[in-house]
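Structures incoming, each one as structure tokens.
Next come two complexes built around subunit A: one with subunit B, the other with subunit C.
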Partner chain A sequence: MNFFDHLAGNYAEVLALTGEHVVLVLQGLVLASLIGIPLAVLTYRAELPRSVVLAVAGVFLTIPSYALFGLLIAPLGLGTAPAVTALTMYALLPVVRNTVVGLRGVDPAVIESARGMGLSRRQILRQIELPLAWPVIITGLRVATQLLLGIAAISAAVNGPGLGNLIFQGLSSAGTPFAVYLALEGILGIVVLAVLADLAFAALNRVSTSRGLRVD
Partner chain B sequence: MTDASATAAPDAMIRLENLTKAYPGQAEPAIGGLSLEIPRGEIVVFVGPSGCGKTTLMKLINRLIEPTSGRIVIDGQDVTEMNPDELRRGIGYAIQQTGLFPHRTVAQNIATVPRLLGWSAEKVSARVDELLTMVGLAPDTYRDRYPRQLSGGQQQRVGVARALAADPEVMLMDEPFGAIDPITREALQNEFLRIQRDIRKTIVFVTHDIDEAVKLGDRIAVFGPGGRIAQYDTPEAVLSDPADDYVAEFIGSGAYVKRLTLTPLSRVAAATDWPTVPSSADREERVAALRSADRDFVLVLDGDRRPVGWLGRDLAPDDDRLTGNGLPLLSSLGPDDTLFDALNAMLASNADVVVVTGEDGRYRGTLGMAAIQELIHTASPAAGAGPERAAGPAPGRSDSPGTDSPGKEVR
Partner chain C sequence: MAIAPAPTEPAGGTGAAGPGPRPGGARRLLRYAGAPAALLAVLAALYLYVGAHDLDRIERRSLNAEYLLSRTWQHLGLSLVVVVLILAIAVPLGVALTRPGARRFSGPVLALANVGQAIPTIGLIVLFAVAFVSWGIHTIAITAIVLYGILPVLRNTMVGLDQVSPAVIESARGMGLGRAQVLWRVELPLAVPVMLAGIRTALVLTVGTVALATFIGAGGLGDVISNGISSNRTVVLVTGSVLVAVLALAVDWLAGIVEDVLRPRGI
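Our next item is the complex of A and B:
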């Protein structure tokens, strides 16, 4: 029995776990955006709060993932909750950092002319700064997604959902005939998801960014 | 209270009273107790070297910079305490870097303030087309372009159109033609004067270029170090009678040459005694005209009395050059050209006379070197009007004798 025969027999489980993996990553990404983008908006103009937020998000990213998932069992128990929490923490840095960089990269002359014409602070943020920072913010989400797709595999270690379960199954049955196949199926699913996510973000960037900002 | 408010002119559009801007940690205020009146419908140019406070003072007017103390009165209303966003929606604002919104089309950029003010879509779109036409951009071509698809000069035009969008009475312009090549810049300046002739806004214009100030300003405020206004007067008065050594030094050399640019030929009487001959004249008539002429050349005019060429007295009666239009006319100057252009044309063609035409291109007369010399020493209306150097209204350039200045057209 080769790998493809094994995959043909196991595809239902692989698909189901892939679906779980996508949902898990999306939960982490959405939570990180809901927390990270407002944090960036609140702090990008003030030196000290901005440094603190970026430093904290940076520390999150340096915690070894296996350790973080494990540490979260104590407060959150097993399953999806610690997995989503950990992924949210990992996604914060790319989301916050890119939002800050994007907002700070807006040409000061554009802001000055907007103020000079009587746009309020809120109007400038909504109508000028966020649309202009949008391509950079999207890039942050794209990087975060790639990061989470990989790290989400660890959630299987805390009984969480996703393709990690195939990998851990394979690892725990090392030496048995199909151990490598199981791990490979998990990895393959993640790689395919990563490629699809990249394409999806490229398309999203294209349709949601003003033609005036495109470099073509 | 200061002198300025004591002599308040009834038609001062902007009145700054004892305005001070001090920054914490700085011993000297950027602007210290400054009072100034800006008459309605005039262009007042703030000119001075970098860091002299001219941009700071401009931004105090629409409160992009909040004053530390003092009052700002616009059109009789004290705006020092009003909502700054509402204040700014009523004041046009254009800056050197244009600050166009790169993610919005030209039309959306121009529509910014009208939209904030809640204009209807039809009214906004009609206004956008009107403004694009006014600044010389075909609406159908440019309406839907993005700023990055425009040249620097076109971006500036859109910037000016955007500042004018809601038809504000007051416009603030911070070096709007600064970062542009000299040829485009001159074209934009000329267009700006043409537009201003129609719309008669009260404009505060900031520049560091004294030549631009002289060209555009009805009045010039020369800024010295420390936010001090060294002189506030008409360009003629600043050039012919600088208030102090600082102003004289800032004007630099060539004050008299600069004054040449202030007088358009439409305000100059052209001599009409130059011998002419119609282009329909035959060889004998031409020879006769040359014989009787007291000059070395006779001017040929076509059927519409447009100057077309010269006949020289040294031509033999059988010379072929006696027929047709004669020697080509090297230059003829229209009503919008200045004494400076006339002198330049003389120097360029090694002649001591130039031909002057009217608006329709017809012959008006000639202008000689001696006439220019005489004009520059007698015909400066503000020369010697030193005591009038206060903030009150003084005769602007358009009050000079002769026809109302038609300004300059695009060439």
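Our next item is the complex of A and C:
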């Protein structure tokens, strides 16, 4: 029995776990965006709050994944809850940092002229700053997605969902001929998702970036 | 408007691809003294938390000084070996790939390394463990973690060397320096800040990844976390997690200072 025979027999589970993996990463990504983008918008003009937010998000990202999952089990128990929380915390830095960098990268002269045209602060943010910062924000989301796809594999160690379960099944069947196949199925599933996510973000960037900003 | 480059590294660590500005007086003091003070406070809180518990026999098996120290030393030892290997492989490779003759390989190598980065570390460790059963567990753990940490150092070495202005190299050549002299006295010093940022990322990544060595029985502080999960003892779980987190944050802090000190003057 080679790898492809094994995959053919196991594809239903691989697909189900791939689905769980995608949902898990999306949950973390959406939560991090809902928290991180408003946080960046609120703090990007004020030096102290901005550096505090970035420092805290930096500390989150520095905490090793197994330790963060472990710390979150204490209040949240095993399963999906600590996994989603940890992924949200990891995604915060790329999301917040890129939003801040994007918003701060907007040419002050552009904002000045918008104000001269009579736009309010809120209008400038919605119509000028966010659209101009959008490509950078998308890049942050893309980086966060790549990060989360890998880290989400650890969630299986705390009885969470996703493709990590195949990797750990491989580990627990070490010594059998299927061990390598199981681990490979988990790994390749994640690599394929990473490649697909990159393509999806490239497409999203093209479709959603303001027309005047496109390079081509 | 130019599209800003991604300011974040796709893999852990607070170190960005580029070096940050040198922090000024009060800020620097806060950064240098604030982090260890906070980490010591966390450790003190952990000590009080564990001390307030009436430990049962299972908890005492993990939470005694001898066990914790042995796992910490294992963790540091594994991390040190891994980091030395990463530097010994990635820096020379980065230098070689930016030399004129080999430049055409640099694109494919970086592309391969980027795809490799998508492989989750735990996947690599487990795959090696089940595929190379005859290797020792430490060899397996070290090989997998080294492979994973090479990318940030390799990439930043190449980026650092590539950003050195050709005009600077040209004038150094014009002053009569040989190729090797230009590399040692001009290119590498100018590339150091970017290289250090990559090394810092790799360091923090390594300390965190070594915590996963426990899954294949290679020891380290991850053992304490695993003991806590498998025996369903929160106090053990929290102790292991806090120790691993504090270790990673301490290494990041230390690497930040080294980064500031080693950055050549005048840059």
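Some observations on this one:
Just so we're on the same page, the second predicted complex is superposed on the first by the 216 of 216 C-alpha atoms of A that agree within 3 Å, B and C clash if a C-alpha of one lies under 4 Å from a C-alpha of the other, contacts with A are read in each partner's own complex, and residues count from 1 in each chain.
FYI, a residue touches a chain if its C-beta (ideal position, glycine included) is under 8 Å from a C-beta of that chain, and two chains touch if they have at least 3 such contacts.
Remember, predicted model here, so these are calculated numbers, not experimental data.
Shared-chain residue A:Asp107: touches subunit B and subunit C both. In the superposed model, A:Ala183 makes contact with subunit C only, not with subunit B. Touch criterion met: A:Leu119 reaches subunit B, while subunit C stays clear of it. Of the two partner chains, subunit C is the only one touched by A:Asn98; subunit B is not. When the shared chain is aligned, subunit B and subunit C each come close enough to touch A:Leu132. Once chain A of one complex is fitted onto chain A of the other, the partner contacts of A:Val41 are absent, as it touches neither subunit B nor subunit C. Of the two partner chains placed by the overlay, neither subunit B nor subunit C lies in contact with A:Leu7. By the touch criterion stated above, A:Gly150 is placed in contact with subunit C alone, subunit B being left untouched. When both complexes are overlaid on chain A, the residue A:Leu213 reaches subunit B and subunit C alike. Between subunit B and subunit C, it is C that contacts the larger number of residues in subunit A. Overlap of the subunit B and subunit C contact sets on subunit A: residues 107, 132, 213. Every residue of subunit A that touches subunit B in the complex is listed here, in rising order: 107, 109-120, 123, 128, 131-132, 210-213.
Subunit B makes touch with subunit A in their complex at residues 62, 64, 84-90, 93-95, 97-105, 112-113, 116, 146-148, 159, 162-163, 172. Contacts from subunit A toward subunit C in the complex involve residues 58-59, 61-68, 70-71, 73-74, 78, 93-94, 97-98, 101-102, 105-107, 132, 135-136, 139-140, 142-143, 146-147, 149-154, 157-158, 164, 167-168, 170-171, 173-175, 179-180, 183-184, 186-187, 190-191, 194-195, 213, 215.
Across the interface of their complex, subunit A is touched by residues 1, 3-4, 6-14, 115, 117-124, 126-127, 129-131, 133, 204, 207-209, 211-212, 214-216, 222, 225, 228-229, 234, 237-238, 240-242, 244-245, 248-249, 252 of subunit C.
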